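Following: one structure in structure tokens, then a few remarks.
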Amino acid sequence: MEKTKVAILGCGFIANIHMESYAKFVPDSEVVAVYGRHIEKAKDFAKTHKIKSYYSDLDQLLAESNCDVVDICIPNYAHYDACMKAAKAGKHVIVEKPIALTLEQADEMIAECKKVGKLLMYAEELCFAPKYERVRMLAENNAFGKLYMIKQAEKHSGPHSRWFYEKDLAGGGVMMDMGCHALAWFRWILGGNPKVKSVYASMATVMHDTECDDNTVTMVEFEGGVLAVAEDSWAKQGGMDDCIEVYGDKGVSYADLFRGNSALTYSLDGYDYAMEKAGSSKGWTFTVYEEAFNQGYPQELQHFIECVREGLTPKVTGEDGRAVLEMIYAAYESAKTGKKVELPFEPKVDKPIDLWK
Amino acid sequence: MEKTKVAILGCGFIANIHMESYAKFVPDSEVVAVYGRHIEKAKDFAKTHKIKSYYSDLDQLLAESNCDVVDICIPNYAHYDACMKAAKAGKHVIVEKPIALTLEQADEMIAECKKVGKLLMYAEELCFAPKYERVRMLAENNAFGKLYMIKQAEKHSGPHSRWFYEKDLAGGGVMMDMGCHALAWFRWILGGNPKVKSVYASMATVMHDTECDDNTVTMVEFEGGVLAVAEDSWAKQGGMDDCIEVYGDKGVSYADLFRGNSALTYSLDGYDYAMEKAGSSKGWTFTVYEEAFNQGYPQELQHFIECVREGLTPKVTGEDGRAVLEMIYAAYESAKTGKKVELPFEPKVDKPIDLWK
Amino acid sequence: MEKTKVAILGCGFIANIHMESYAKFVPDSEVVAVYGRHIEKAKDFAKTHKIKSYYSDLDQLLAESNCDVVDICIPNYAHYDACMKAAKAGKHVIVEKPIALTLEQADEMIAECKKVGKLLMYAEELCFAPKYERVRMLAENNAFGKLYMIKQAEKHSGPHSRWFYEKDLAGGGVMMDMGCHALAWFRWILGGNPKVKSVYASMATVMHDTECDDNTVTMVEFEGGVLAVAEDSWAKQGGMDDCIEVYGDKGVSYADLFRGNSALTYSLDGYDYAMEKAGSSKGWTFTVYEEAFNQGYPQELQHFIECVREGLTPKVTGEDGRAVLEMIYAAYESAKTGKKVELPFEPKVDKPIDLWK
Amino acid sequence: MEKTKVAILGCGFIANIHMESYAKFVPDSEVVAVYGRHIEKAKDFAKTHKIKSYYSDLDQLLAESNCDVVDICIPNYAHYDACMKAAKAGKHVIVEKPIALTLEQADEMIAECKKVGKLLMYAEELCFAPKYERVRMLAENNAFGKLYMIKQAEKHSGPHSRWFYEKDLAGGGVMMDMGCHALAWFRWILGGNPKVKSVYASMATVMHDTECDDNTVTMVEFEGGVLAVAEDSWAKQGGMDDCIEVYGDKGVSYADLFRGNSALTYSLDGYDYAMEKAGSSKGWTFTVYEEAFNQGYPQELQHFIECVREGLTPKVTGEDGRAVLEMIYAAYESAKTGKKVELPFEPKVDKPIDLWK
């Protein structure tokens, strides 16, 4: 059977992670094209990764590259257009989180992909991170009794690219960038599509020069009585933190993807790289390994390619991305009003952060 | 100089910890009397600890024991009466947390001690826990830059004594029992008397047969922009957890008093005692040591006795206990309304939990 | 290009790990046959893993299966015969550790493979374990300055199969079974073929009913001044331990593959599986994930298959297996004499443990 | 009852730790005099700690200070003279580790104290470190079944004072300085006076400009079959390490006094002090607290003062110090010969390191 042809849109941080995951862990796939807004960046990316074609014009890529799947790794504001064009061109779509800026965009993306009979796959890698999946399966197998609280946190010192800090491009701050991981993973461990009762969030801009939120704590109440707590920050020094806690009346589990998994290293003079956002590698550091694998990227893309090849339903779909976005809306509304916001909550806005300030 | 004479009220868990702390670490003190509602228990306690007198009548104790200090280690509902009697009898008062059931009681206790010129000392041991104090001093010395978030959590599988679960005796559940630690410690690391803007809390009864809350998450916004998050639970299996996190724009610190401090032990057949609420000691356990010292009890009582002897102002006073109680009021109100509650908040109630349900 | 065809010899623990590694992570390979001494076991293994043919006669397998590579996962005493037959049949050979019972066997195996122009690949997965490889690369890139001490430990409560405890079948105890990992990894981090000056070992049988060693500590002095310490035990309760420490005059690193990498779980009622040799999963456990990947098995087999396909020299060869075996000889001799044994050390014996007792 | 009067000999690192331990945790004691070779240092020490008298002449101190106990915290080579003079002056003696440079000196010290009816107390604080004591009691109470291996390690980047590196003043390197802790603690957890069968050691000078050993690994075989492994280093970067491992056929325990007990801190700009020998406090550090208490110094001195006051036998005596010194002799001999050295081993030498080189 032939390899499944993928076109990657974007040449930044996450595009590189996807690229390396395909190359190293998804033998049934072949990345055949890359798109970058600046043709030079696309060319460099193609050269580095031995991709045969590169484009700075998306329509041209869709017309010429002969890809089966379009993998959208460009800024949030551009997700909608790229998805709609790809679907209309008859491609399957993988879209990085968050799905889009508005619920209306998400609805159209879902509808268009359905109309053309192509998959819309929502790239939430935490649903594939092997350590978290191990804990989720423990929960599924009743190792903790009845769950009553779950937590997820993701924190670092802020994104590299400037667009993350621009509310018109990103739609919001750390809640859009990293809060979406927590919200998607809460749904995942609670069976895939649990009903949300309410969302409460506290948001602030504590470190960066931005109108966006850079530190948030969010509580979600699910039907059936589980409380979920998300902590997301762009203001934490000392490298990445990604961790979960799962509480049931008969047990508990703690897992983290960075510090716990690392070698613990002391180096007087420092070395190449400790972990994402670690800053200096002098002194004590937590040295990670196989970062992409441990975060679930290869497993996610493997699954998506398998879905395309075998006609399976993806574990995480456009509908999941939309459900997360609705919770993000509610979080911003709550941060403004100081009240729990009950779902469904579908106001008309241009972007989520408009609900806050 | 003569030793300072202490009468302990109560013969339970916390009375034992105080007793052992005095005996082992507070050489300037002498416990001269113990009070228990049941005379047999008081007698046993006195015998075990070689205390010369024991009582089941508080008035008699106050009249006969010749103590300088009354240390109140009895259930919450009885704090007020005991404090008022002790003050009227001309004794200094140490009162275990929480200070009382109502703000009105707290106000009277504070006023009465002031009137008779005696100290009202609020026993918040986390302000003395040596590891937490080390971290607090780092914050004070600017190791973390400007603080923007602080967290404290305390969790176990629930108290031994039945009265904790009775709302009329305890005034509330885990928020009264353990939430008060977080709230007092937040104030302490923020300089002692920071101004609270608002309190939000999510509360539930997830495990125990009680009308009280047994799992809560609380967010406090302080003036100046620090967000504080408290997690308190009686529903966590696997032994005690007591931990803090301190976040500033230039650094972070994580500290915990139980798991991190332990020996990590595996025993096929089990052994005497791993840690508070650990359940079985078979298999892997976290073996704690010097529990009282590491939680700050001896340092707290040392400080209080020194205050009595030297006429110093205690680091934690009745006013601090009252401020914590006001935040607890706000937390219960918030749990009911689903909204942030702004302080000051001083409704008239019989007990805090009445604000919730 | 066609897939490389592999025949697995053996149906036990390690054969399963190899099988799963090929299937999940080595897309260029296909397992086409399995050999088991008992035909029923071979049949079951083949059925479970969808392998087309199975044999209890090795000659028949070699004649019929059309495999390119023979992967030897049978007991130590049978390595030599299997390798010789496979080489004579014109197959590449992967041999699980330890290479053989004697240096003479190892020499013949190396010579025969060379004669027929086939690869002899020595399956030391620690040279591929991704966390250890990360630390090794730090050392290579001078993160620690000049190395002066390295350590590796592997411990659990003893193998499942009875043959490991029989000295005629295994050639020795925990030193043969797990000491070989440490010795091979020491060589690997020191550049691949460092010169050994001396070996000292303390050995004992402390728990199991066997003539073999079940607890050993071994010190190896390398030319250039690095001291290497290996700890190997079949007597440790509480599950697997596999860890390294690397010390240089400018830094240090600690890494472990099991406890550190785990989710930390408490379960009142227990669950399916915590980690290798963990015993009960009730109470606190260290829940591992992706065990094979984290120990390096897939990466090792990927590399070996790539060597076969591309004609590359394996990172770990028969010569490496032989060098490890010589150090094992020296360790047993030292355990008997209480003296450092200097290398080269090539006495004639039937099996290594004969040098001890 | 009057306080017990102590004279401290020495004004360096360990003298400060003893001083602070007396002042903070040993209320029955009073430090009444300090001796320093340089009168200015003694004066400063006395001033800092509010000690009434200070001396640079030991005879004068003994004649005038009216102390009950002499606490010897001066370099190794001076232990013997100080002890002999103190005993002849009718004082109880506390002597820091190691007891002396030679077995003959140790024998005389023991004999002289016995003759004058005074206590000779050997200051091995690990026998009092509360976490290690907790683990030792678990062993005593059979939590681990039958012990077969115990380990202790102590490592940092080297002592501050130059005399530690001079073999004539210190008698040896890290083995004398820190190896003695391991050897004494091995005896302690094995019941106080277990019989040693043999000692093997590997020693090297890997980092410092000294003739002394700065990195050693030592194995001790005890009668009854327990293997003990000591690791001691002055070549480890990144701060202090002090840890134990206890293995029995039914369990295991791991405990450490520094990293595990710390707050985990990240500070961009650094702060006052992380832990002994930590170097910079920028970046990630392990922030210790109550260092002296956690290492057992106050508990040790409390015990010694109690022995003096109550006429009790110390838990650690001159005989224990002598037994440790004999094992150190054997270790140096073994490092030279590459053989296990069996005890008793009592060669005539000027200092232990002469046996090595």
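All chains are identified by letter, namely A, B, C and D, in their written order; residue positions are counted from 1 within each chain.
Everything that follows uses one rule, which is that a contact is a pair of C-beta atoms (placed from the backbone, for glycine too) under 8 Å apart; a residue touches a chain by one contact, two chains touch by 3 or more.
Given the structure is predicted, the values throughout are model-derived calculations rather than measurements.
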Original post:
Compared with subunit D, which chain's mean CA position is the farthest off?
Top reply: A
Subject >> Result of counting contacting C-beta pairs for A-D and C-D, higher pair >> reply: C-D
Subject >> Whole-Å separation of chain centres (CA-atom averages), subunit C against subunit D >> reply: 41
Original post:
Roughly how many whole angstrom separate the Cα centroids of subunit A and subunit D?
Top reply: 54
**OP:** Specify, in ascending order, the residues of subunit B that touch 2 or more different other chains.
**Re:** 237-238, 250-252, 266-268
Original post:
Quick one: in the complex, what on subunit B touches subunit A?
Top reply: 146, 148-149, 198, 200, 202, 204, 206-207, 215, 217, 219, 221, 225, 227, 229, 231, 233, 235-238, 247, 249-252, 338-340
Subject >> Partner subunit B, residues of subunit C touching it in the complex >> reply: 237-238, 266-268, 279-280, 282-286
Original post:
For subunit B, which residues count as touching subunit D in their complex?
Top reply: 25, 27-28, 130-131, 133-135, 138, 141-145, 250-255, 260-272, 281, 287-290, 293
